[in-house]
Amino acid sequence: MKVKVSRKAHFNAAHRLYVKDWDEATNQEVFGKCNNPHYHGHNYELVVSVLGDIDKETGYVMDMKTLKDLIKAEIEDAFDHKNLNLQVPEFANLIPTAENIAVVIWDKLRPHIEEDKKLEVILYETPRNFVTYTGP
Amino acid sequence: MKVKVSRKAHFNAAHRLYVKDWDEATNQEVFGKCNNPHYHGHNYELVVSVLGDIDKETGYVMDMKTLKDLIKAEIEDAFDHKNLNLQVPEFANLIPTAENIAVVIWDKLRPHIEEDKKLEVILYETPRNFVTYTGP
Amino acid sequence: MKVKVSRKAHFNAAHRLYVKDWDEATNQEVFGKCNNPHYHGHNYELVVSVLGDIDKETGYVMDMKTLKDLIKAEIEDAFDHKNLNLQVPEFANLIPTAENIAVVIWDKLRPHIEEDKKLEVILYETPRNFVTYTGP
Amino acid sequence: MKVKVSRKAHFNAAHRLYVKDWDEATNQEVFGKCNNPHYHGHNYELVVSVLGDIDKETGYVMDMKTLKDLIKAEIEDAFDHKNLNLQVPEFANLIPTAENIAVVIWDKLRPHIEEDKKLEVILYETPRNFVTYTGP
Amino acid sequence: MKVKVSRKAHFNAAHRLYVKDWDEATNQEVFGKCNNPHYHGHNYELVVSVLGDIDKETGYVMDMKTLKDLIKAEIEDAFDHKNLNLQVPEFANLIPTAENIAVVIWDKLRPHIEEDKKLEVILYETPRNFVTYTGP
Amino acid sequence: MKVKVSRKAHFNAAHRLYVKDWDEATNQEVFGKCNNPHYHGHNYELVVSVLGDIDKETGYVMDMKTLKDLIKAEIEDAFDHKNLNLQVPEFANLIPTAENIAVVIWDKLRPHIEEDKKLEVILYETPRNFVTYTGP
């Protein structure tokens, strides 16, 4: 009996969307307001889900407390109140779009989830824009 | 790396559920209050999702601004503050249930989404009733 | 010790905003899309609050179940799945704007609330537009 | 054209997480605060979804009113304002974790859904913790 | 320039509503399902607000971090995952209705808020039932 | 009959909390993570309310469309996707705490609201932190 367990978390961060190799006019055309060189920011809402078998004894797929602590250690402590472009190494050469942030979060969490379980990441950049990544 | 990007939108509309070929008693039995001949209405909340590969250069699956504009042009401008039965041609001979509205929205958006990407439509008729359509 | 107790409810309805004595051009200028002669509609969310002293014995200001039943009998049964202009007598000669609907709801509930208690009505026409009325 | 229709419901209940065969220290280590012998409780939010073909005539996959009544009869009447461990027979020998509650809900609803339709249950234990079960 | 700053928090608890001096029939008549002798429970959502002058230097009425820590120490640590009737001393002889819980929370927080500031407590027992208390 | 009409809006921005005249250690002690010199950011949710008499003819206190346009022109266009410290003149010498931002928004909107009407601003910095300002 496979069940998906999900835990919500959140972090606040600043970012800027632009391609270093492009000139300013092209960046402005593609990224518009998100290309502001002084940065803007978001309250990112995160939903991390793990799909696996229910443990017969505990009734858990995964202890939600463990999942909560893992998200805090790997994601919140690394991203919260940070400038993603300048202070999070994964984005030194990767545009911090919602899509790319979701992939980075998935890659950071995957090694900590048991191999036979599946992992899904949903990231809300705003209450109206969000992305979902379930792995390669 | 396939990611699903989602955008929320909304429109307000009036509708009535009834089958023209049925007598009033049958319509009342099947559709109850929704068969009110003077219409009733809803704030429809819409979530449109597109699944595809992240563009290596822009970090986007699809520019959310483009998706937002597409939903406005194709759906909001056509449905918002309208009587679905009387003023939206797709429902001239189709009951505007949440299920059928979702299919109509999907059909209207599909030609505007790149062929190698998948499209999903979620439509909330009320905060407690909603439907999901991912294509035929 | 005065405490305010609040109960949420909801109803779906169709309406049209226009002044019968005005010509069509003026109605269109003032009410825009809301003047659609074929009606449009909303999921109205309602919050009814009663402020009063806590009953020492029961610990209640007012039994929430009683308040819930009152809202159902007086408001939901009268407004839900209705065309406000055509089927709710209070709006035969009163434009069903959110402001006026809130006042009508307050007036309908007030006689059923104990005299020494205060009544407040909040009405959401959409998740982004709402009104509050606390009496004359 | 397969569409998934979803209906939200809710119930409030008390529960305790512990394994009868374990000693107190082990229960405390595994379940922490959830092992409180005097119980604690939650507002459970439930989303039940049914996936199937749209009926050509009615435009419905399943009448939402029927689904609402089914959830009330099978789940809300059995679980609401109850102590899950002591008053719901399914948990006499099954720990009422969110995972197990979701499976029990699915098992109780499945016989009432037409065989060619699929059933999904999402259960929120808190706004930040939830589980999804789609069957064995 | 007086500004009201608000912080949301939450706790989960079990409770039972009944008057010890009443017989079972009267308790059942007044409190219905809430009188379940085996308890039921809720996810309580709490909004604590402090009204006061903005500090010219820091731009704060009160550091939200301080308010968050205060709510945790005084309320969450005392109430979370507890049986309010049996494990929270304030309710040994006081029915834990939402009204009374809000008053108890206000009384516990008031001594920790500067005297010239006002305190408000909003407590959601469910998403549809909530109470507000601003002091005697 | 005075009614309060409310309109929600939102903007995304980056900011940093620090006092220019303080040394780094003091800023860090008072503002903690919010003192990040590379900025962080938020999705600010804004609720603007106007209290006044209902116009007998239109049924409006104030046309919500007018209020929406006013918020866009005065607040969203000035703050959205901006760095509040560097790009919004009002914060050149004022710390952009939620409290101060709410006061600045109130001051910018007040001249555009009719004199006999009252104005209220609620600003959510995160879903758990928000402030309310009703004027001096």
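The letters A, B, C, D, E and F name the chains in turn, as written, and every chain counts its residues from 1.
Note that in this section a contact is a pair of C-beta atoms (placed from the backbone, for glycine too) under 8 Å apart; a residue touches a chain by one contact, two chains touch by 3 or more.
Keep in mind the model is a prediction, meaning the values are calculated, not measured.
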Chain labels contacting chain A and also chain D: B
Where the contacts of chain B and chain C overlap, which chains show up? none
Of the other chains, whose C-alpha centre is the longest way from the centre of chain C? A
Between B-D and A-F, more C-beta pairs in contact link A-F
State, to the nearest whole Å, the distance from the C-alpha centre of chain E to the C-alpha centre of chain F. 28
Where does chain E touch two or more other chains at once, residue-wise? 127
Kindly provide every pair of chains that touch. A-B, A-D, A-F, B-C, B-D, C-E, C-F, D-E, E-F
Please give the residue numbers of chain C that touch chain F in the complex, ascending. 17, 19, 30-32, 94-100, 102-103, 127-133, 136
Considering only the defined contacts, which chain C positions touch chain B in the complex? 10, 12-15, 33-34, 36, 38-43, 80-83, 86-87, 126-127
Please name which positions on chain B make contact with chain A in the complex. 1-9, 49, 54, 57-61, 63-65
